[in-house]
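What follows is chain A paired twice: with chain B in the first complex and chain C in the second.
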Partner chain A sequence: MRRQVPLLLTAIVGFVYIIQFFVPHKPFNIIEHLFTDWILIIAACAIWLGVLNLLKLSSEKVYKRAKDWPYALVIICGFFMITVAGFFFSGGRAFQESGTAFDYIYVNIFTPLSATMFALLAFFVASASYRAFRARTFEATLLLLAGFFVMLGRVPVGDLMTSWLPQGYRLSDLAGWIMMVPNMAGQRAIMIGIALGIMSTSLRVILGIERTITGGE
Partner chain B sequence: MKFFEKLMSIDRRVIFLFVGVALIVPLFLDIEQTIEITPEVQTLYDAFMELPPGSKVLMAFDYDPPSAPELQPQAITGLRLCFDRNLKVIIIGLWPMGPMQANLALETVFSEENYFDKEPIYGVDYVNLGYSPGNELVIQRMGSSIPATFPRDFRGTSIEEIPLMRGIVNFSNFDYVFNLSAGYPGTVEWVQFAVDRFHARMGAANTAVQAPLVYPYIGTGQLTGLSGGMKGAAEFEKLTGFIGKGTKFMLSQSFAHMIVVFFIIIGNLAYFVTRGREEKKTG
Partner chain C sequence: MATGKLRNQKKYFTLICLLLFSPTLIAQTESADITTTPPAPVTEVVAFDTPNDAGSSITIRWKKSPDDRPDDSLFAGYKILRAIYPRGEFQQTADAPAGAEETFDNEARDGVEYTYRIRAVRGDLYSDSEASPPAQSKQQWFHTGRINTLIGCLIIGLAILFFINRAKSGKKLYIRKIAGLEAVDEAVGRATEMGRKIFFIPGIQDIYNLQTIAGVIILGRVAKLVAEYDAQLEIPVSRSMVMVACRETVKEAYLNAGRPDAYKEDAIHYLTDEQFGYAAGVDGLIVREKPATIFYQGAFFAESLILAETGNYIGAIQIAGTAMPAQLPFFVAACDYTLIGEELFAASAYLSKEPKLLGSLKGQDVGKVVILLAILIGVIVHSFGLFNFAQLFRVQ
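Right after this comes the complex of A and B.
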């Protein structure tokens, strides 16, 4: 039962979605709306599940004094701080509005911290490019040249360096061509491949052939 | 020989230092840059300009603070363009932080002198419907019923009480969709559901990392325009005539790109010299 019921539900929902795509009329559209509403409710509940799970794992880590437990403590404190601020210190307004305690934490703590984490990428990308972009093979050379021209062509300095060339032959034009022709062709191939993969996997799941989602072999 | 071997393995902290200097110093410089407009940003701008006053624009804020340096200038420019042209803006977010970023962008726009006397009215000129979980299924549900997907705005007001939302049922009631995206769910999902399924007219602003993934949608006409990364933000600002952070930060990006290219050249030069010597040695 624990496996058959989820498989049956998957099959019913999957077939309804496929049918309503081609026949968007009663009763399929009504059933589809109902299923979509359920999925949205489940998605909202999943957020709570995620939050509770994170708190449980972090609490266990702190309790057992596991490796890096102080970070887990920061997670718990941060969670309660922003939750309390949002629920109880908004002064009768929506917690997301300007001037609330939640907004203050968001703007002055969360935003700079997360922006700092992401900004570190610039440094690691520079270091990784220096080490990885070596013209060892023909393919690596192509990648290197494409990266080289796009990096310079996507900033104004690229055009400044090639300002002596006629319009249409400058670095920005070359970067644009790389993006619009080879990149687009490659992306299309990847997209079509992914779409075919998703279709075949979805069909396997809907038809019950693929059972790993329920923990089966 | 040792010199080139050293060049082959420069300590990463040295590279970090160069990148840091390249990013910070330009913030204090005032150098004029020539920003060329790419066709995809021009068509995005044209799509906004073709909308008659009073048109309804759905703006989906699908990003969070880490991507804000690239997307926030585009959001501000998009909002300003809408308000200047008297377009009505309906804001939603498929990312939890999206509607917060929208509020911050609105604050920036309204703090400008132009809006002191004629600040757009909430509920009449713009509305923020907040975040809804469910990723692409939110878009799918919006295709059949927006009131069912977003029954309240971010303040908890029923959308039946919001004048701007009267008569809005699904995508056919929007004249344009503008998606600001930093990943999943984002532009790809909006194209697959809102454009392909419900025939919405759409343009997008993406992070530089994500932009190459959505280029195929420009070629097919599924996207009317695309503004990618900081460069896209600078172009968008240039077209609208307002110079903001997108343009200002381009100088830092130019210097940073030059540093990366410089190190790539050094690395390859050292690689070829040392490889040539090794080949000579081995005969």
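Right after this comes the complex of A and C.
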């Protein structure tokens, strides 16, 4: 029973979702919105599972003075700081408006921290590119050459270097061709494979052939 | 003499005045015409049930008024007047801007016949069109604009089902080797030998995303292996529902491996829903715990390279898999193995070696053959200019 009910529910919901794509008649026309609403409601309730789990594990770490416990303390303090600021010092429902304590923390702490993490990408891209572009094999050499021409073709100096060539044969045109023809063809091939994979996995889950996620072999 | 000269000067002056002010006078006359004459009415008004919808909508089309010109700033647009056929009173139901030749009445009652007039408005003046023939809205049972999708789904879906049944009957199927999945055993074994943890990152999307589901399915296979090897597994997640799904999956895997005692619920824990907060949290864990193996299986965005480069920095074996084309190059550059697109969805079947699941992969291949043929035919048909083959694949 514990396995059959989720399988049955998955099959019903899966088939109804497929049908609603082809049948505009009522009640199928509202099913997508209805399911989306349900997902949002469940997700909103489920967030407490995550939050409580995070607090529980962090509190245990601090209490037991486990390895790296100060980090757990930062999590707990951060959680309570933003919660208290949002609930009690930000004017109730208008807590997201500018000038509130919640907004102050969001703008001055959260946003710079997020931006810092995002900015790290620049350094990671440099180190990853260095490894990827090492011309050790034929494919890596092709990648290096394609990358070289695309990067050069995307900046004005690329066209300046090839200004003696007729229009349509300059570096920016070569970069455009690489992006629009071989790159696009490869991306589309991947997308077709992904679409087929999604279809196959969906069918396996809906038909109950794939049971790992519902607790089966 | 002087009088004649003065008369001549007067003539010139009058002529100059006329030349200077005549355009204004003409414009004023025209303007007077525009403000006193109503615009020409619209013609050819037709109304019909909006196709492929859930009812309550009638499409109205007309040929715009000849006075509806971009240079006529006074032309205000159209008012849609509706009446119940045949003797109802016309009332305004909608507006349409200048230049429009189609609009929708989305407040129609199904089964009631309506007739429409289009009122062209210029300034304070207007003119009404002839009433349209009656039309009524109704719901449709099938979206005819999606028949091509249905045919495609049926062909591929039936092919998948056919091969699943064929596999069930014991027919051996050839599946090409996927290096990333062949390395799973080695990666788990390495972590066991080193006595270090295995990290599994199921992406940053919620459980309703099929990539996350595929990731969790792979987790089930990996967790069973981890339980058999008696290694340590840690799964930091960014969504509460994914945490619950992962816990159930891992618990079941440990049970199936005969090691329910080794299952630790707290090893699957929530960090945050925030993209970069999650990336920072996982990076911190990677640097502090130094796992021997890291799996990235699911939907990833800009955090993919941040995570994978950190894993690379600490020397972990990394196996990634995602169906986000934009993130694939990053994983390829930073990870040891990458499951590209469809391989992510094939991983579960590949790892389980279960015939029914492997059969579905064969069905996918039929889909690829169909698409390849369609591309080939499309290239030939378009090259010879026979007809617009691409329109067969347009979905409304």
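In this text, the second predicted complex is superposed on the first by the 183 of 217 C-alpha atoms of A that agree within 3 Å, B and C clash if a C-alpha of one lies under 4 Å from a C-alpha of the other, contacts with A are read in each partner's own complex, and residues count from 1 in each chain.
Throughout what follows, a residue touches a chain if its C-beta (ideal position, glycine included) is under 8 Å from a C-beta of that chain, and two chains touch if they have at least 3 such contacts.
Computed from a predicted structure; not experimentally measured.
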Contacts of A:S90 with chain B and chain C, given as first, second, both or neither: neither
Chain B versus chain C as contact partner of A:N183, first or second or both or neither: first
A:S127 touches, of chain B and chain C: first, second, both or neither? both
First, second, both or neither for A:M191, with chain B first and chain C second: both
Touched partner set for A:S114, first chain B, second chain C, both or neither: both
Partner chain in contact with A:A46 - chain B first, chain C second, else both or neither: both
Contacts of A:T162 with chain B and chain C, given as first, second, both or neither: neither
Which superposed partner A:S59 touches (first chain B, second chain C, both, neither): neither
Chain C-contacting residues of chain A that also contact chain B: 29, 39, 43, 46-47, 114, 117-118, 125, 127, 129, 131, 187, 191
Partner chain A, residues of chain C touching it in the complex: 52-55, 139-143, 146, 149-150, 153, 156-157, 160-161, 164, 206, 208, 210, 213-214, 216-217, 220-221, 237, 239-241, 243-245, 248-249, 251-252, 256, 266, 269-277, 279-280, 284, 288, 302-303, 305-306, 308-309, 312, 323, 325, 328-330, 332-334, 340-346, 348-349, 352, 356-357, 360-361, 363-364, 367-368, 371
Chain B contact footprint on chain A (complex, rising order): 29, 32-33, 36-37, 39-40, 43-44, 46-47, 93-94, 96-98, 103, 106-107, 110-111, 114-115, 117-119, 122-123, 125-127, 129-131, 133-136, 144, 147-148, 151-152, 154-157, 159-160, 170, 172, 176, 179-180, 183-184, 187-188, 191
Chain A - residues contacting chain C, complex: 18, 21-26, 28-29, 39, 42-43, 46-51, 53-54, 57, 67-68, 71, 113-114, 117-118, 120-121, 124-125, 127-129, 131-132, 187, 190-194, 196-205, 209-210, 212-213, 215-217
Chain B to chain A touching residues, read off their complex: 10, 12, 15-16, 18-20, 23, 33-36, 38-39, 64-69, 99-100, 103-104, 107, 130, 132-135, 137-138, 140-141, 144-145, 148-149, 154-156, 208, 211-213, 215-216, 218-219, 229, 231, 250, 253-261, 263-264, 266-268, 271-272
